[in-house]
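Below, each structure is written out as structure tokens.
Two complexes, one shared chain (chain A), two partners (chain B, chain C).
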Partner chain A sequence: MNAIPDGRAREAAVLAQGVSRWFTDTRRQRHQDGSDAPAGPRRVVALDRVSLEVQPGELFGLLGPNGAGKSTLIKILSTLLLPSEGTVRVAGYDVVRQAHQVRRRINMVSGGETVGYGILTVRETLWMFSQFYGLANGPALKMIDEYLETFGLADNAHTRVNKLSTGMRQKMNFIRGLLNDPDVLFLDEPTLGLDVQTARIIRDFIRDWMRRRPGRTVLLTTHYMAEAEELCDRIAIIDRGRILACDTPDGLKRRVQSHSVFRIEAARLDAPPEADGRWPGIERISWEPHPATGRTRITVIAADDAAVTPLLADLRERGADIIHLSKVEPTLEDVFLQVVGRGLGEHSGA
Partner chain B sequence: MAVRMRLRAFRLAAWLGWQMESNWTDPWLFAVYSIIKPVSSALILVVMYYVVTGGQTQGDLFAGLYVGNAFFMYVGQLMFGMSWVVMEDREFFRTFKYMYLAAPSIYWYLTGRAVAKFLVTSLAVAVVLGFGTAFLDLPLALGAVRWGYLAAVLALGILACVAFGLLMAGIMVISARHGQGYAESFAGVLYLLCGVVFPLDVLPAPLQPVGRAIPFTYWIEGVRRALMGRGMSPSLAGVDDGAILAILLLSSLATLAVAVLFYAWMERIARDRGLIDQVTEH
Partner chain C sequence: MLEELERNLRAVRARAYVRVVGTFRELSWVAFEIAMPLLSVGAYVFLYRALGAPERYIGYVLLGGAMTAYWLNVLWSMASQFYWEKQSGQLEIFFITPVSRMSILAGMAAGGMFMSTARALGTLVLGSWLFGVQYRMEGIWAGLGIFLLTLAALYGLGMVGASLFMMYGREAWHTANLLQEPIYLLSGFYFPVRALPRWLAAAAGIIPITLGLDAIRQVVFPGAVDGLLDPGLEAALLAVSCAAYFVLAHAALRKLEDLAKREGRLTLRWQ
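The block that comes next holds the complex of A and B.
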């Protein structure tokens, strides 16, 4: 899948062409016979010929499960990691040969990290980074205070970082990522591990920041469907190192609009049956068991409405109770299922 | 502009280092690490010398040993300090990748972080020398010290410390958490090879050229000459003060050049292997 649109009018904010990244795993591997002898180096492919173009002013999302290659791609784009092959330009500069110029124009925030020098206060930390970015002292402090207010950290401005909660630290790190007013901002799972309210503040801010700063670009990775759908102008679905689809949220949804999407809730379904083309007309199916309720949520993408009938019969034969059945408008979740072949939280599927 | 930004990075890093180094919320702990530890280390050496020589703490050999040992603290502290920055920023504070992206020059950042170590070590060196003069008959007289020569030698020695610190930091960039032991081990090797506590001539013949190639050999010799008016190594006795300074300058600059290239090489390897933001938990 190539995510580069035709007819480029201006220099892309991010341009990746045929980017692959593999790692060599030299750890001892356990053989099938149980021995632990060296099995020789093994090449693990994290990115497989990824091509991508993001225009200035675009809020671009990379949506994929854990281990899909999202963070690897962001690390390459932000000059922290070299690609194994392919070329990448960010803000007009090559990330390998002109890394220094790239770094002056970007910033990056990773979610789910406990970042910061515990001994410094929040304001000191942000001031220090603002100075590293080359900002003048007065305007930097003014901006920091405004951001602290926006993110509800004003009362903690003089609190040492080691006294902050994880969410507060993440907000502080998010502010750090904004201080140099980057041309391209990379957000790697920015709301990972945050409570609903904090995640909401950050999402609202991202949208507002993009509106107030035309021409700024955000590349966001997430495995939250709603976040991607809510924020992104375009979304690339990435799995096992490959971009499988790239379009606007509506464009992606149109891919499954010609299909029938059903949600089924079943009880007493001990184990999902093997799909393997067992039900003609059903293209994709995902099973999400909820151990707490003992129920299983089943999402079905079928060629037509009638195709779901044999499935329902099969489930009843297995002793399952169908609690709920509804035909729904496709969501990004369904697009993901259609494109990837399994739900975001699943390891395998139909 | 670029120079100004680098100097700013240096200044900020020095400020950050000082904030962390001077965390005197527990003055007792600070005193233990900054003063009592180096004085105790010096005293261990003194007691060993005392036992071996049958109770003497006088003479050129003791003075040379004591001064060499005191100033070598800079080597251990700065080398360890600079390399430790990589480890603690990356593994504990998780800030290394952000510094890597933010700092106009990672070299100036690492060097700046060593400033606080330099200040604290300077205090420790002064305390150790003062202790030796007051209680161990160390023949130091402020009036007899050649301050200009001392300043020049000290500055070049610190430059060499920074160079070796960068070398160690380069190794640390590609090392897991346990890599912190490398700097300490390497400092131990330098301690043996550079005539710190015994003359260079005592080393086995094959190792003497190695010692002569390391700037710290000339640094310690120069410091002894500046403070006590004479060196300790017979093999360097024929080298005049100017030549000691010149060799120290050249060897320090050469080491610094090698260190910068080495760090860049290690950084490239780290970027290739994805180690810039690694967190090792084994």
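The block that comes next holds the complex of A and C.
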């Protein structure tokens, strides 16, 4: 093997330049009018000229709603999918032309993934994957046992994979992602569908792992705001294939700090009114109805405090009760609303 | 270089180990899989006896019955395997590892061969005893050699199949099912393939089992005069197809993986 040239150490862990990816969707299209005559292939743009640079040692988050293109980007970075255009380097190598070099230095874990063969035990499964990275048996099993201990899975080392709960399986899969001690670890919604404790264990581990292994890089996608805020050094907000903002959590919040952010809880609001320009001074507004309670949570980003008054009057006129109103410190959720134009929980309308 | 080789060998072993261990944990299936082929074999044995066919036909049928284990294994657990793994999300995990796809397939093949051999031997031994099959002892070693060539070529074909299924296998279950029975007929699992029209037998030669069975029958059963070609020639053809299938598999895996990455078909799960 060649010695690593000097420059490489300082090269970005992930460098994407102008990356686009489109898919040809050949499924039959359901037309607006309900008929489903073939409409011909449709081009779905999953990524639209994405550029980003992640430094070694960074814990970088990609935050975006469903269908934003997060997984598509991860798949390109992890050599499973080719970009339609643009160039990508991971750990100093080109993902298209030097995929093999990239693969030696990365690993990937996706949430909700089923991995392994049901008939094998946890330990056997992990051993199998360790072999794909060329680890000698002794050290591999030692490492596996240590990780099983760390994740509280030691008692299940000899349990068959098909007997594991979702949380245990996800922990096992997470351990799989660590077996080659990757330089760059891609985590695609690693805590998806996990209970609070298990998610906590995984998050704590990620932070701890980064601390103990200087120079290792994690690129994480999530649509949990709290997760992004808690873990990430920097966050890129991605929507409909485009990166709309990229900064530290504080830097992102600063974008809304000059504004007033209000949280309103209203009852008996049948349908949210059309927002566009109706209330001067209100820049963004999001409506989250809670069918269970019949209440609607409204978030407002306004130029100043006074701007919210006409909105309140309008709501009352519609017969809504204002249960609660407070001015709040902006959170990432509000940044998302400001940047994307709609709340993370809201439908894209696309 | 050496590191690369070690990693790939470890991958082969690990993937094979998984197969073997998996099967040992479901031993009841093995008993079933040894006995099942004997049912079809038995039917042919009675038929051939009733028709007064030469005694070597009993051996032909038993050998064919034992070989079904390999065909089923190649079809269901080699050729369509990448497709199943793609559906379960496992393929992505295999494909981000720095290991050659050929090694993964070779591991599956090694494990599959081992387990299928356990089945085939069971069928063969049990059937020989049940039906009183006679062998030509002088031909056993030649037969074994041809058998190994047949297996290598057959699993090579399975690897070609794996790349095709990975890319195009929408209905892998149906395709595999469709291929299963016709090959029993075309490759002459239960009768000498010479009985088929020449052109059909030649076409069936694409499946290594056709030539392999025909050649092994000629060398291990006494008085076998109903071969398609000279067994030496058949062995040579098997060696050629073995090499061809491996080269083809290697090229197809490369090409189709690239195409799959281009078209977004390596990763099926979305939304």
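Please note the rule applied: the second predicted complex is superposed on the first by the 331 of 350 C-alpha atoms of A that agree within 3 Å, B and C clash if a C-alpha of one lies under 4 Å from a C-alpha of the other, contacts with A are read in each partner's own complex, and residues count from 1 in each chain.
Heads up, the rule we're going with is that a contact is a pair of C-beta atoms (placed from the backbone, for glycine too) under 8 Å apart; a residue touches a chain by one contact, two chains touch by 3 or more.
The structure presented is a predicted model; accordingly, all values stated were derived computationally and were not measured.
Visitor: Looking at the overlay on chain A, is there a clash between chain B and chain C, or do the two fit?
Guide: clash
Visitor: Give one of first, second, both or neither to describe whether A:R176 is in contact with chain B, with chain C, with both, or with none.
Guide: A:R176: touches chain B and chain C.
Visitor: I'd like to know which partner A:T114 touches here: chain B for first, chain C for second, both or neither.
Guide: both
Visitor: So, does A:F205 touch the first partner chain B, the second partner chain C, both, or neither?
Guide: A:F205: touches no partner chain.
Visitor: Could you say whether A:G67 touches chain B, chain C, both of them, or neither, answering first, second, both or neither?
Guide: In the superposed model, A:G67 contacts chain C only, not chain B.
Visitor: Could you look at A:Q131 and tell me whether it touches chain B, chain C, both or neither (first, second, both, neither)?
Guide: Touch partners of A:Q131: chain B and chain C.
Visitor: Answer with first, second, both or neither: which of chain B and chain C does A:F336 touch in the superposed model?
Guide: Once the two structures are laid over each other on A, A:F336 reaches no partner at all.
Visitor: Kindly list the residues of chain A that each of chain B and chain C touches, one partner per complex.
Guide: 23, 75, 78-82, 103, 106-108, 110, 113-117, 119-120, 124, 128-129, 131-134, 176
Visitor: Which stretch or stretches of chain A touch chain C in the complex?
Guide: Residue list for chain A touching chain C: 1, 21, 23-24, 66-67, 71, 75, 78-82, 100, 103-104, 106-108, 110, 113-117, 119-120, 124, 127-129, 131-135, 176.
Visitor: In their complex, what parts of chain B are in touch with chain A?
Guide: 5, 8-9, 12, 15-16, 19-20, 23, 93-95, 97-104, 268, 271-274, 276-277
Visitor: Would you mind writing out the residues of chain C in touch with chain A in their complex?
Guide: The touching residues are 3, 6-7, 10-11, 13-15, 17-18, 21-22, 25-26, 88-90, 92-99, 258, 261-264, 266-267, 270-271.
Visitor: For the complex, give me every residue of chain A touching chain B.
Guide: Residues 23, 72, 75, 78-82, 103, 106-108, 110, 113-120, 124, 128-129, 131-134, 173, 176, 180.
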